[in-house]
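Scrolling down, you'll hit the structures one after another.
Across the two complexes that follow, chain A remains constant while its partner is chain B and subsequently chain C.
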Partner chain A sequence: MMEELNTKLTNKSGFHMDPRTKIFILIILSFMVFNDAPLYISGILILIPFTSLFLSNHKKMATSYILLYLIATYLKIYVNPSLTGPSSMISASFTYTITRMLPVIIMGTYTVITTKVSEFVASMEEINVPKYIIIPLSVIFRYLPTIYEEIKSIRNAMRMRGIGLNFKTLKTPLKLVEFYMIPILISAVKTSDELSAASLTRGLSNPQRRTHLEIVNFSKTDAIFIIFAILGVVMYAYYFIGDILLV
Partner chain B sequence: MMESINIKDLITVGIFSVINIILIFTFGMLGYIPILMLGLPIIGALVWGIPFMLFLTRVNKFGMITLMGLIIGIVMFLSGHTWIPIIVYTITGLLSDIIIKTQNYSSIKTSIIGYAVFAVGLIGNMLPFFILRDYYISAMNASMGVEYVNFITPFLQYHFLIILVILTFIAGLISGYVGKLVLKKHFKKAGMA
Partner chain C sequence: MFKIDNLSFSYNTNEKELKNNVENINLKIKKGEVVLLCGESGCGKTTTTRCLNGLIPYFFNGQRTGEAYLNGKKISEMPIYKLAENIGSVFQDPKTQFFNVDTTSEIIFGCENLSMPENELKKRLKTVVDEFKLYNLLDKSIFKISGGEKQKIACASVNAVYPDAFILDEPSSNLDSESSWNLRDILQKWKADGKTVVIAEHKLFFLEDVLDRVIFFKNGKIESEWNIDEFKKINHRKLGLRQLNLNNLKVYHNDYYSKNQEFFELKNFTFKYDKSPILDIKHVQIPKNEIIAIIGKNGAGKSTFAHCLCGLERSCKGELILDNKVLKRKERLKKSYMVMQDVNHQLFAESVIDEVLLSMDDENEELAEDILKNLNLIHLRDVHPMALSGGEKQRVAIASAIASKKEILVFDEPTSGLDLKNMMDVSKNLIYLQKLGITSFIITHDYELILETCTHIIHFDNGLIIDNYKIDEEKLKKFFIK
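Take a look at the complex of A and B:
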């Protein structure tokens, strides 16, 4: 019985990555923001979020990410140097955000949408992160998708009453902020009460070490991705540090 | 002292961190307009006031504000703002915690001052630009074009940073006060504050 349950839980429809691997890759990717490397150096790091998204059935998002990235790179190399005036500034900040930040943002999105909260908590507890950090972070995981839904429905409700982003309301931005923020805050407070009630019934306040139904372990996929990430970051570091050493 | 923080408090910290993060990322889009990029801490300080004041009504233990700073810093780190925000947010969170603790989390005046101190942490997002200034300018010359660099260089001086800190602090004071008013207007009625 237990065996059967185990195989059922671990056999998650093909592609699956450990939350720790995702966070490790996120940390590595976040170093990319520091520097600007040519495409053949940063290529490995850029492809990691793409492949993981593509393999986990978010093909549309993966392709639009890579297309956006390629367009931005094209703009950066061929179009930006020839532009002048305000259009160059806008184009420059656009390409800057896309080429530097987008891989990290996409990896973060991937982490949030594909990690179950229980899985995240289990893997974090395995590496002994204190619960003062685990619980707020897991709330972020749990609540981020919900708040988008929340904001969407608040926007619809406001539009029904003729309050939306248009010229009339933009004249009084404070009112606009008030109309959006207060409902969101009220729903947030409500959610926080509900979540704490739910967590109490789940025994989250028990000081004993918790057991988990979710089984977290490193698989071959994790090993491959970690190797590629390290390879990428080594190439990346060598490109810059080697440069300094040569000078 | 940390032991007295229970699960409910941790969940509150998480929820309000999410709201602050969403707000800063939404208004961060304004950073596309070049001059506003350096004004982002001020804008952030203006919009965080209301949620933070509501958050304070649910805080009565030392450490919660520090923890929120740490969590926001970690999320900033993971979303590509380098590791500097983690330190800055934690420090300002701790200072804010100490200030508000002096009146036992019940005084309006210390709450507003404490919020302004917390909001100064938003500078952490910009600090890498100042610390690695020369490096950034040479890198931006390559990636953003000479015009942009000429435009932005005068703002990357240290005395501008001090001005930015002061402006953010003032914005925090104003926003904290507005937050208090909004709290009175909306949440007291609903029995939440």
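Take a look at the complex of A and C:
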């Protein structure tokens, strides 16, 4: 048993990316929302979330992401131009949402599901981010899965009351938003209150530097991903503003 | 170890009337003592624990006079991170006391905050994992483990700092009976190690062998104090306390409520998650218009069964046969209703009366007021549901179920963390529902509630119904009492 524990502690097997790298890539990917580039330019950036997910054993999500992206790109290039009227509206909004937003969303999902709160805190402290920024951010990390569970339970409650996608409720759609928001806000306040109290009794406010069980440092993986991300963004930028620079 | 000297405290509230939440508390707790703080909800026991672990005055603001001391030093003048080295606190809701999402980081979180060197962290993690036998719980997401396991991790993680004292505020509220007994084992270990333990709690049954002393609070004051032998002899019911020894309890309703007993049948209730079955019921008969307790360990399939019964799981194709009619999932969704453990999730309207009207097909204000009257809610008619107390919220949820003419009600842990008085209120409401012709299912770990109210028991284990019987004290004892 003891040996098993030892190996569990020391052996960080498999693919692992530093939280700082993840956030850096997330920021770079969000540039993609601004504009559209052909596939040979944006390809590198699009493949980064896919590779990260695939290597960290979320193969199903990675594959469905890349398939959805390819379908949307196909529609955008070959189908959209020939459509007219409402169908072109629907198709266009679908394809543009997917091609521009999906890579960022997927990278964000990857960041949240593969980063431990402790690891995130450790890496942020390493680059001297002040505590008053780190702690709220880490609480967000901690709270996201809770929101998912809460939404599920609120939806169940609505179904039992006959509220939801039916005629009576859809007459006042804003009500529906309110029905979701109020319980979530109430529980968010309660959770944050109790969480703060609990963390205080465990010494979170200690002004001395925290120590860490998890040692975070950049690895080769991080270097490779950062190089590709920078390469991608340079190509991307060059594609749009290169002409201007040359003049 | 602890000394409280003439302490009074009131939280800052908007209300004009200034009422002290605790008043003139004088208390001495010796090193190595295990002390229980008990009394009705709102009697001041939680406030007292907060004075001891420094959350008052550090986190909760209010008017304070008097002083609490730790080893002769004023608690209010010590920084709270210094207190964290000496006092470990465990709270009621295991969901909201974890800072991390994975168990391993959580265990060592307190030590990291106190800036212990890395090899010390590793050493402590190993010791704690060994002492609490946590090998199977390492590196798990806290969202994937049961309430009992969460509370075990919480205890282990405060233990990792090696404090001299532990303060627990209603730690067993969300635990099943087996996990409560496990918590007793942890308390016993701390006692054997010579630690001081202060525990505020409603459920008492698992504490009999651990306690040294009992402090009884009433309306913010210390009313009485007993050592454990004296405490065993007093009448707990009279003081509004839960039972210390469950063997003293008797079944209250020995026979079914309804005279001419009808049954409904459940057929083919199966549910799979990730291809492994977590619910498998071929055929079962259940008495109609009774109060039925659903018991079983955490993860035995009780909640899944409740979700399937209410028609919330699409992939469960089971049938319910009621009065010779076969009810499929969609019809069950119309006829049944679940009162959730977190009632906040199911109240939507802006006032209590609107909440009831929202459930009616044709809004009938007279009828709605009638329902509110019967549930003792009429004085709260125009109050926002979120401003109510827990028990009142639960009654509003029940009112809306009655208004929408539901025939089957499922209660998910309706009495977790409730004192005797509030539990009796829940019991009264359940009996009122029975008189209206409603069949209630109660998922519960509360032995007292079952004996007080229920007439039929369904026992789950591993997704199967392993027993289905009219209430029987001996059988119940086997499951609940260790």
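We adopt the following convention: the second predicted complex is superposed on the first by the 225 of 247 C-alpha atoms of A that agree within 3 Å, B and C clash if a C-alpha of one lies under 4 Å from a C-alpha of the other, contacts with A are read in each partner's own complex, and residues count from 1 in each chain.
Heads up, the rule we're going with is that a contact is a pair of C-beta atoms (placed from the backbone, for glycine too) under 8 Å apart; a residue touches a chain by one contact, two chains touch by 3 or more.
Small disclaimer: the values here were computed from a predicted structure and weren't measured.
In the overlay built on the shared chain, the residue A:Ile90 is in contact with chain B alone; chain C does not reach it. Residue contacts after overlaying the shared chain place A:Leu137 against chain B, while chain C stays out of touching range.
Once the two complexes are laid over each other on the shared chain, residue contacts for A:Ile163 go to chain C alone; chain B is not touched. By the touch criterion defined above, A:Val104 reaches chain B but does not reach chain C.
Once chain A of one complex is fitted onto chain A of the other, the partner contacts of A:Ser205 extend to both chain B and chain C.
Of the two partner chains placed by the overlay, only chain C lies in contact with A:Ser153; chain B stays clear of it. Shared-chain residue A:Leu213: touches chain C; no touch with chain B. Contacts of A:Met181 after superposition on the shared chain: chain B is touched, whereas chain C is not.
When the two complexes are superposed on chain A, the residues of chain A that touch both chain B and chain C are 138, 178, 182, 186, 191, 195-196, 199-200, 204-205.
Put simply, chain A touches chain C in their complex at residues 1-2, 4-5, 8-9, 116-119, 138, 141-142, 145-146, 149-150, 153-154, 156-163, 178-179, 182-183, 186-187, 190-191, 194-215. Residue ranges of chain C in contact with chain A, taken from their complex: 53-55, 58-59, 79-81, 83-85, 87-89, 91, 93, 95-102, 104-105, 108-118, 121-122, 125-126, 129-130, 135, 138-139, 141, 143, 157-158, 161, 307, 310, 312, 333-334, 336-338, 340, 342, 344-348, 358-359, 386, 400, 404. The part of chain A that touches chain B in the complex is made up of residues 23, 26-27, 29-30, 32-36, 76, 80-81, 83-85, 88-90, 92-97, 99-101, 104-105, 108, 131-133, 135-140, 143-144, 147, 151, 177-178, 181-182, 184-186, 188-189, 191-192, 195-196, 199-200, 204-205.
The touching residues of chain B, when paired with chain A in their complex, are 2, 5-8, 10-19, 21-22, 31-32, 34, 37, 47, 50-51, 54, 67-68, 70-71, 74-75, 77-82, 128, 132, 139, 142-145, 147-148, 151, 182, 186-187, 190, 192.
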